[in-house]
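Labels run A, B and C following the written order; every chain starts at residue 1.
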Amino acid sequence: MGIPVKLQAFEGPLDLLLHLIEKNKVNIYDIPIVEITDQYMEYLHEMETEDLDVMSEFLVMAATLLDIKSRMLLPPEVDEKGEEVDPRDELVQKLLEYKMYKYMSYELRDRQDGAAFHYYKQPTIPDEVKEYRPPVNIEELLGDLTLSRLHTIFRDIMRRQENRYDPIRSKFGSLKREEIDLSGTMRFVQQYISGKKTCMFREILVLRSGKLYKIVTFLTLLELMKEGKVAVEQEETFADIRIDWTGTDDGVSEEEFAQDYA
Amino acid sequence: MELGKAEAAIEAILFAMGDSVELERIAKAIEQDAETTRKIIYHMMEGYRTDRRGIQITELDGSFQLCTKSELYEYLIRVAKQPKKLVLTDVVLETLSIIAYKQPITKLEIEKIRGVKSDHAVNRLVEYNLVRELGRLDAPGRPLLFGTTEEFLRHFGLHSLEDLPMINPVQLEDFKAEAEEEIQTKLEV
Amino acid sequence: MELGKAEAAIEAILFAMGDSVELERIAKAIEQDAETTRKIIYHMMEGYRTDRRGIQITELDGSFQLCTKSELYEYLIRVAKQPKKLVLTDVVLETLSIIAYKQPITKLEIEKIRGVKSDHAVNRLVEYNLVRELGRLDAPGRPLLFGTTEEFLRHFGLHSLEDLPMINPVQLEDFKAEAEEEIQTKLEV
């Protein structure tokens, strides 16, 4: 199903979220997280951006939404005062703040239109006045600057420079941008799971490198759970996740998989 | 110094300098204290208000500058080149409004609020001279701090940062009230 | 068009243009004939003659221009000559210390160390006569090399650059080790 809105029109994940909230005419303080997350994911799928920086920002928000969504299913957390914590609170605060500045930017735009009709004048100071430079009183200027202070300043700069210098990355020679093909990666993860029938989450993570790959892998897993194609099990928090393929369509066999991705 | 002479001197100074001139510099030049000078300038501003005058004095954060009256714009564009109008995109305006209200602010803080990288927008704003570096934050990495310029005040017709349109508390309250009402309605259903 | 409005428009035009403007152009802008316009301008010139005004209209070969009254020249000089209180900013100090210890050094090398553009700071230091150009580096672009001046030595009571307090090489190694350790820790987390 196509979405008739140009995705590039959104300046970022918050902008897109605000749009969805307004479009659905829902209350920002009581976001129906399931619907909004679904719609958000739908937009994400439609997104055809080559810009990885932009994409990763949208993906981070997707992960946040999914996290909130899952926390909404759990029994409510309670803060130190014994009050229930709404998992949506932090997001709501962010959205409100963002919305406020967006609103202020419209105010500024209006102001600008009113202020544009003044002309100013170039300086017409006579040259001899313009070129006059008062003599610099060096003693006064340097004041109580001592050699040891100058020395300390230099030492601090060198220390900062060393801190900036990253001995590990600098050995790489040149840094490559992380390249990731979103739909390809999702297919890859799905094929891997369906091929193995049963596997561990960490096992998939080490197949490829990069933060984006990890995010996409996690998203894919959530997606497969939603579609009922996998069943997952985790014994305790932070433990590895066991994934069982329960999908009906035939997965790719291990041999084929090995051929494809050798 | 006689009042008339002081006014004449100030007009000459502002005219010749073209740019905005700090109150203290004007005061020193006419050999008066700052408060007297301010009073004289405010008195002059009244005088410029008459219909026969085409220019006026505008105050910018404790400095003063001469400019044409906006209602005469139509005559000016018939002779003078139309000043290039700065077109600020939504992204740039959004970033600018965050900087204006939160200054001094680092790029990272801007990005936190907007949820996206803002380098490009900040660089544009510095290029347009609406935003400038204010120094560095005393924190790891010593990130740059940004704030607005005098050109920013001029561009938006503000006399100081205190003139910034306030976030209308009524409006924000409206948002809240709306929200609560909706919840109420749902509960009653 | 009413006389007052015409005068205002002419003042604004002359102000915005800065240069002299031909009578015909002014006349066209205010939609009057040349003779009427000239009369209006002459009438305005009378008005500027009062002691309270600091500017006046001068006629130059059928063109008109606004300028300051010559008897107010001394005030202009006083504004321009006011010594601004000079302060050495952190940026300037940092740049000075780098030049002192690393001379001869190019702007590019300074920028590499500081991580930011340093033109302004270097220019200031040259202006203060603490730093001078030493020549050019025999490299592409033949960049300028900078070093400290005799004035610099004099101020700090140094007889030569060798008297500069040394940076302990052991300390530099320590910095490096510290930095590596930090990264190591981060990676292990």
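Note that in this section a residue touches a chain if its C-beta (ideal position, glycine included) is under 8 Å from a C-beta of that chain, and two chains touch if they have at least 3 such contacts.
All values derive from a computational prediction rather than experimental measurement.
J.: Give the label of the chain whose average Cα location is farthest from that of subunit A.
T.: It is C whose centre lies farthest from that of subunit A.
J.: For which chain is the distance between its Cα centroid and the global protein Cα centroid smallest?
T.: So the chain nearest the centre of the shown protein is B.
J.: Round to the nearest whole Å and give the separation of the Cα centres of subunit B and subunit C.
T.: Their C-alpha centroids are separated by 21 Å.
J.: Which whole number of Å gives the spacing of the CA centres of subunit A and subunit B?
T.: That pair's centroid distance is 33 Å.
J.: Indicate the whole-number Å distance between the mean C-alpha point of subunit A and the mean C-alpha point of subunit C.
T.: 40
J.: Please set out, as single numbers or ranges, the residues of subunit A touching at least two other chains.
T.: 119, 121-122, 124-126, 164, in rising order.
J.: For subunit C, write out the residues touching at least two other chains, lowest number first.
T.: In subunit C, residues 12, 15-16, 68, 76, 82 touch at least two other chains, as defined above.
J.: Using the touch definition up top, name the residues of subunit C that touch subunit A in the complex.
T.: Going through subunit C, the ones touching subunit A are 12, 15-16, 18, 67-68, 73, 76-77, 80-84, 86-88, 93-94, 96-98, 100-101, 113-115, 127-130, 151, 155-156, 158, 164-165, 167, 171-172, 175-176, 178-180, 182-183, 187.
J.: Could you please specify the touching residues of subunit A with respect to subunit B in the complex?
T.: 11-15, 27-30, 53-54, 57, 61, 94, 96-98, 100-105, 107-109, 111-112, 114-126, 160, 164
J.: Under the touch definition given earlier, write down the residues of subunit A that touch subunit C in their complex.
T.: Subunit A reaches subunit C through residues 119, 121-122, 124-126, 129-130, 132-134, 136-143, 145-148, 150-151, 153-155, 157-159, 161-168.
J.: Which stretch or stretches of subunit C touch subunit B in the complex?
T.: Touching subunit B from subunit C are residues 2, 4-5, 7-13, 15-17, 21, 25-26, 28-30, 47, 50-55, 66, 68-69, 72, 75-76, 78-79, 82, 90, 116.
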